[in-house]
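Structures are listed in the sections that come next.
Here come two complexes built around chain A, the first alongside chain B, the second alongside chain C.
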Partner chain A sequence: MKKSIVLIVCIVLSAHSFAQKFYTKNGLVSFYSKATVEDITADNNEVLSVINTATGDMQFSLLNTGFHFKKALMEEHFNEDYMESDKYPKSTFKGKITNLSAINFTKDGIYNTAVTGDLTMHGVTNTITTNGIITIKNGAVSATSKFKIKLTDYKIVIPSVVKNNIAETIDITVSCNYPNKL
Partner chain B sequence: MTTINFCCRQLKEAVTRYCQKEMSKRVKIIVAVLMCLVIIGGIKAWMMWNKPHQDVKDADAITTTSAALYNSFLQNPTAAKTVYVNKVVQVSGEITQVNHNQQNQTVLLLKTDTPDASINCTMEGEATDIKQGITINIKGICNGYNSGDADMGIPGDVLLVRCYKTN
Partner chain C sequence: MFKKILPILFCLACVSVKTMAQDTTDMLKQLETDSAKQTIVYTKATFKTTRLINGHSVETTAPGVLDVRIDHRFGYVSSGGYNLFGLDESNVRIGFDYGLTKTLMVGVGHTANQKTYDFLAKLKILRQSTGKVNMPVTVDYVPTFAINTLKVFPAIQNFSDRLSLANVLIIGRKFSDNLSLQIMPAYIIKDKVLSPVYDHCIAIGVGGREKISKHTSIDAEYYYQLPGTQDPGTTNVFSIGVDIETGGHVFQIHLTNTQGMTDKAFIAETTGKWGNGDIGLGFNISRVFNVSAKSKNTPWH
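And then the complex of A and B:
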């Protein structure tokens, strides 16, 4: 009886010690639009992201006004006309790593990962599935992913006059180092 | 009679010539004005297209402390948003961490009254003589408050971007 209690305590404690949350408040989300007239890129370096290694929960949130463009006018149009950042200040992703068992967060390595979750942007939520890479190096966790979104899926309307300046499908790149643990 | 007819014809031709001359002068003026408008419009459009980003370094700023700025977003987010968001803000506070982001820009965290919550400053200007523990004045554009994750126990930060160290 005593032995089994000790065993249970050990299991609970060991499970707890692995149940870690890694987070960053300065992750990077970039987007790239390739169109006939011009290519547009913008970066947001103030992305909050959390990975719960026990449950596989993965979250991202950012302020839309944090996207920095090469040209000031692009930034203005992005916030005022397309993203309506005043009305919809945040974009979020809440999802789960679907192949959690394939990732050993305690062992250095490069792990292919699959994530499914809800991407909320411009007041619209869509379920997306994407692949990414989780890297563990000397215990430090980092994650990258690339995926595409269609602007019409998020009710972002591009006026016909600038139709040739902005792509209908935008490439999103996510890159986060997770220096903080909980 | 023939003389009168001749005079009339001469007069008519003179009037037509005059009118044509006047018309062509008018057309020329209109074309010139239109061309000027197109050129001015083009220059204006080009200037707007290439409008530089706001000059943060030399801009007038709203001055506050890191703790006061953070508390104002916690206590009354709507009012804080009106006062600070998209404005140049100068914050005085103690550096709790010096980090680098994915694009190798320096990121300073300034202390607030809430544990693990900071004024998160992404530097655009030089970041020399910056170390943990010192009190510093930072000027940047306030992007707002990115709430953390209450379920996971992570408090949010107030974000300042394109920051410069000031005196």
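And then the complex of A and C:
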């Protein structure tokens, strides 16, 4: 009996003492579309993200209007026609690190990670699974990942006129340094 | 005693794990709220292009972007079958607008009608936005300076009599994704080429657009000249049209009772009457080019 109480107390205490959260307000999400006529890239460096090292929760949120393009008109079409940013201002990802035990957040190193969660954009939520890398250096956490999404999965319709300008599958790159700890 | 504490502790353990999961979501929400307060989100694409129909919209050309514009007005339907209901006549303005900064655009143009050269600037004084700055409207100031080089009899002696200046203030708001409206007070100093009775004109314009699809909108525009500044024989200009956007082009097709294509000409010198069938078909074609490295390397928003 006593043992079990000690155990539970330990769980409670440890849960609290390791309840460390890292967050950033300046994460980077980029995308790349390769099509026959042109390649399109855009960056958003105002991405919000939180990692909870105790639970493995990993969440991202960004404003679609925060993506910046090389051509002004591309940015306008992205927001007006494809993402409908007035209607769906945010894109979010709420997931979990599935191999949390393999990552020691207190020890410097480069850890391969697997993440599964819900990606919501353009009003559509899909579960995605992707691999990434978490780097711990002098106690600071950074995370990177690359994955692909299909536009049709998110009900983003590309008119036939610009079929050769915009790829059906878009490469997404995530790169976040988490300077803030809580 | 132990038995009593056990379930409480167990609950505590569960709750603490549960709150941690909740915490991540709450924390992200907090970050979202904070960042929403700290960022200014400017309203985009209030209109498809820098012109509503004849007059200006609140839009300016993006920095480093050149907008080549060809505006065309046919003659009036009332000119009859011999004139193929106006299609035999044509009047063209060729113009170039360039975005210097995200709030300043400059342009030059030449109109065949009245052989007029015009030079314009459009400055965004206020920009509609939400977030850190909550601004309900966009306000632009558009001065257009024009030189009327038309040969008339008797000849114009002073060059200064050929000069005009139209000052237009545009107060516009994007009410929803589809609906944008604007009010355009104008103060115009006319040239003397057509011997106007009043040397200036004060007018108020209203206009707007309603999108009917992602790439198409219906537009309307009306300028009312205040009595006491309206030259006899002139009418107020009313136009209705459609904008069609395809990639880098915007086509504007409209019906209007004016032949003028600079602010001074269509606001203060229109003579057509809708009731008499003095309605002309017109179109504007806009094509944008990214010409400066600035437009390629810096965010333009």
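The rule is short, and it goes like this: the second predicted complex is superposed on the first by the 167 of 182 C-alpha atoms of A that agree within 3 Å, B and C clash if a C-alpha of one lies under 4 Å from a C-alpha of the other, contacts with A are read in each partner's own complex, and residues count from 1 in each chain.
In this text, a residue touches a chain if its C-beta (ideal position, glycine included) is under 8 Å from a C-beta of that chain, and two chains touch if they have at least 3 such contacts.
Since this is a predicted model, take the numbers as computed values, not measurements.
Trainee: Evaluate whether chain B and chain C can sit on chain A together after superposition, giving fit or clash.
Mentor: By the criteria stated at the top, chain C and chain B clash after superposition.
Trainee: If we overlay the two complexes on their shared chain A, which of chain B and chain C does A:Leu182 touch? Say first, second, both or neither.
Mentor: In the superposition, A:Leu182 touches chain B and chain C alike.
Trainee: Looking at the overlay, what does A:Glu80 touch: chain B (first), chain C (second), both, or neither?
Mentor: Touch partner of A:Glu80: chain C, not chain B.
Trainee: Return first, second, both or neither, reflecting whether A:Lys107 touches chain B, chain C, both chains, or no partner chain.
Mentor: neither
Trainee: Classify the contacts of A:Tyr23 with the two partner chains as first (chain B alone), second (chain C alone), both, or neither.
Mentor: both
Trainee: Which partner, once the models are overlaid, touches more of chain A's residues, chain C or chain B?
Mentor: For chain A, the partner with the higher number of touched residues is C.
Trainee: Once chain A of both complexes is superposed, is A:Thr65 in touch with chain B (first), chain C (second), both, or neither?
Mentor: Both partners.
Trainee: Contacts for A:Val50 in the overlay, against chain B (first) and chain C (second): which applies, first, second, both or neither?
Mentor: Touch status of A:Val50: both partners.
Trainee: Considering each complex separately, which residues of chain A are in contact with chain B in the first and with chain C in the second?
Mentor: Correct list for chain A: 21, 23, 25, 46, 48, 50, 52, 59, 61, 63, 65, 68, 71-73, 75, 90, 182.
Trainee: Which residues of chain A touch chain C in their complex?
Mentor: Residue list for chain A touching chain C: 1-2, 4-5, 8-9, 11-12, 15-16, 19, 21, 23, 25, 46, 48-50, 52, 54-55, 57, 59, 61, 63, 65, 68, 70-73, 75-76, 79-81, 84, 86-87, 90, 94, 159, 161-162, 182.
Trainee: What part of chain A is in contact with chain B in the complex they form?
Mentor: By the definition above, chain A touches chain B via 21, 23, 25-28, 43, 45-46, 48, 50, 52, 59, 61-63, 65-66, 68, 71-73, 75, 89-90, 175-177, 179, 182.
Trainee: Can you tell me which positions in chain B touch chain A when the two form their complex?
Mentor: The contact residues of chain B facing chain A are 48-54, 85-86, 99, 101-103, 105, 107, 118, 120, 122, 143-144, 146-149, 152-154, 156-157, 159, 161-162.
Trainee: Applying the document's contact rule, which stretches of chain C touch chain A when the two form their complex?
Mentor: Within the complex, chain C contacts chain A at residues 2-3, 5-6, 9-10, 12-13, 16-17, 20-21, 23-25, 27-28, 31-32, 34-35, 39, 41, 44-45, 62-63, 65, 176-177, 214-215, 246-248, 288, 290, 295-297, 299-301.
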